[in-house]
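So, here come the structures, one by one.
Common to both upcoming complexes is subunit A, partnered first by subunit B, then by subunit C.
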Partner chain A sequence: MTRDELKEYIAGHLEGKLKPLDSGKFNPLFEVIESDLLTVAQVLRDDENLKFDFLSCISGIDTGERFEIIYSLTSLAKNHRLELKVVLSRENPEVESVQGIWPAANWYEREIWELYGFDIKNHGNLTRFLLADDWDQGYPLRKDWDAPDFVRFPELER
Partner chain B sequence: MSKLRTEEFTVNMGPHHPSTHGVCRLILTMDGEKVVKIEPVIGYLHRSMEKICENRTYAQCVPLMDRFEYVTAMSAEYVFVNAVEKLAEVEVPERAEYLRVIMLELNRIASHLIFYGSTAMDIGALTPFIYGLRERELIIDLFEMTCGQRLTYNYMKIGGVSHDIPKEFIPKCREAVKIISEKMSDYEGLLNENPIWLARTKNIGVLSADKAIAYGVSGPILRASGVKYDIRKNEPYSIYDRLDFNIPTRPNGDCYDRYCLRLDEIRESLKIISQALDGLPEGDTLKKVNPFNFRPPAGEIYSRIENSRGEMGVYIVSDGSTKPLRVKMRGSSYNHIQIIPELAPGGLIADLVAIFATFDVIMPEVDR
Partner chain C sequence: MGIIKKLPVYSEKIPGGGLVLTSLDAIFNYSRACSVWYLLFGTACCAIELMCTGAARYDFDRLGMIFRATPRQSDVILVAGTITKKFAPRLRRLYDQMAEPRYIIAMGGCTVNGGPFYYDCYSVEKGIDHIVPVDVYIPGCPPRPESLLEGCLHLQKKIKTQTISDWQEK
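And then the complex of A and B:
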């Protein structure tokens, strides 16, 4: 499938659950609401023509206004790729764990929980592993994070 | 005689144990000599590079990438530079692309030679380490000749490469290719049919293809489990679509196959380097961009390449300013270390060392 065919196929197959975001010439990018994530993920992995069996990466993003999680998916069998985006609320960021579908998600979700403070529901092993065990200075990857020894470079401010 | 009472006990392995390759710590629950449970403890090398990148210009992020994966620093630089170039639509001169591929493949060989040596050393054979590092030196000399550095190169620049190669590079490189391809039989002669080596690696740590895919295992380990997938072929970047090379695979997914596959890959990389040297065009090596006022348009991209360890990716979000809004680095070791607790239990502690060694995990990629 070419990139456009893939986009069309997914949009047709998961109508109403996905919102295509224009990503120019890069991988197809779709937005999915949090409550639909697991259903969509299941279809993406199991559908005969999609077979997104390989989770490349999960990345948390803080744009300053809102929180997002990006799932980068690859299909080794069909050789195509896709990005799924979930937008989370700033007050209560929480998302369902996708470990049941892609076991590779385990540490990626744990890292997001640790560095962004998003609550990963049904994860089962949310413990600190990158930061110090007694870390109490908040969530470092958030844009509003500040700590006494964190140096910003004002000459590089936009 | 009454039965002896047995109980499980806990052993700490690392963080400075020589066979945990850096600073990984494993908490092992043992039943005699058998491993029951493994709990990896990471984070000793956490330098918060993702946060640092958000506070730097794009050009300033490149040297940081060297520290993300210092054994194949070229590919770590390349993955970032390539993603930024795609995002900002920077045209890269042809000669620079060829030079990049030559450097990437040389670096892949250097990494596999370290793998060859260190794996053998972990399992108890010391000679291969000397052999592997001896030939790696030829490659490191080539890097030093080109950009002045032996480990953290800062060679890739947004828009090209920092230095053109000196005129003695090509003959030296061809000589190195010749020497390494001749030495391949030595490497294989030392280990391939060595009964101790076979006993330690054959049918040890068997990883099935389905499990490998589910856990996001990539690169040589995935191919040693019989999955023919290589980003250089399946989603060609740079000039890989113009080069003729094979993707070696092995069917069994045990430690022995993982070892053999890397030697196969060295051969393919040598082929690529020869072809790239033959086709190397004349011309510029750098399209100048102003590093202080370089502003890619707003957008986001996940870009990835085939590193010597597997899929190396970077997720960059740009908001149109001089600094990235978010840089997420994806190193393959991060996934590989996750699957070790699934593979090793039930085996001996000595097998765990063999598994850990053939996974070729390096820690800066895990902790970042």
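And then the complex of A and C:
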């Protein structure tokens, strides 16, 4: 399937659960609401024509107003790619774990939990492994994060 | 007798041989300054320069610097590379495991003040002097082997100014 065919196929197949977003010349990007994530993920993995069998990356994003989490999927069988975006609220960022569908999510989700503080529901092993053992300064990749020895890059005059 | 030319000594010839008289300070400092063994310790790209300096072209060995793979046999840690906050307690531990007298050379920008990781970085220690006392700072990113050799010569100079009474007090 070409990129546009893939886009159309997914949009038709998961009508109402996915919202296609403009991703320019990059991989197709869809937004999904948090409660639909697991059903959508299951279909994406198991559908005969999609077969997204490989979760290549999970990214957390803090835009300043809201949190986003992006699942980058790859199909090794069909050789195509897809990005799934879930928007989380800033006050209460929580998302269901996708470990049941892609076991690779385990460490990615731990990392997101550690650096962004998203609450990953039903993860089972949310323990620290990247930051220092005695870290108590919060979630460093959030935009509003600060620490006593943290120095922001000075604004440059243009 | 190369050593006699370099040390403040008094040598007396007696039948069948000779006596060399010198101070303990002079002989200790000379020995220590000329056998500064460094710990195999590289955490980032500075370690590549360190390896290069230790290899044939720049040849650390001529300063009496030989790498050791354990802190118990080392006199100096050449901290070659970024020290993250997570790694900082391990560096302190290595330092504590060394026998006195011990020295630290901070090699490269990261160890001097965080270097390229000074701004916008949550994970890098901004200068290893927060963790261990540093004897010689070598700036550069990474420093060339010549700078590293110069730094080691400075360390030797520093060692030669010490006296035994200093390190008894510690």
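Quick note on the criterion: the second predicted complex is superposed on the first by the 154 of 158 C-alpha atoms of A that agree within 3 Å, B and C clash if a C-alpha of one lies under 4 Å from a C-alpha of the other, contacts with A are read in each partner's own complex, and residues count from 1 in each chain.
Criterion: a residue touches a chain if its C-beta (ideal position, glycine included) is under 8 Å from a C-beta of that chain, and two chains touch if they have at least 3 such contacts.
Fair warning: this is a prediction, and the values are worked out from it, not measured in the lab.
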- Once the shared chain is lined up, is A:140 touching subunit B (first), subunit C (second), both, or neither of them? both
- State whether subunit B or subunit C is in contact with more residues of subunit A in the superposed arrangement. B
- In the overlay, answer first, second, both or neither for which of subunit B and subunit C A:131 touches. both
- Given the touch rule stated above, what does A:59 touch, subunit B (first), subunit C (second), both, or neither? first
- Message: I'd like to know which partner A:103 touches here: subunit B for first, subunit C for second, both or neither.
- Response: first
- Once the shared chain is lined up, is A:149 touching subunit B (first), subunit C (second), both, or neither of them? second
- Which partner does A:26 contact after superposing on A: first (subunit B), second (subunit C), both, neither? first
- Message: With the touch criterion stated at the top, can you tell me which subunit A residues are shared between the subunit B interface and the subunit C interface?
- Response: 130-132, 140-141, 152-153
- Spell out the part of subunit B that touches subunit A in their complex, as residue ranges. 41-43, 46, 48, 50-51, 55-57, 86, 213-216, 218, 227, 229, 234-235, 299-302, 304, 311, 313, 315, 317, 319, 321-323, 325-326, 328, 330, 334-335, 338, 367
- Task: Please give the residue numbers of subunit A that touch subunit B in the complex, ascending.
- Result: 23-24, 26-27, 29, 53-57, 59-64, 70, 72, 76, 79, 81, 83, 102-104, 106-108, 128-132, 140-141, 152-153, 156, 158
- Note on the structure: Listed in rising order, subunit A residues that touch subunit C in their complex are 130-133, 135, 137, 140-141, 145, 147, 149-154
- Item | Touching residues (chain side subunit C, partner subunit A) in the complex | 84-86, 88-89, 118-123, 126
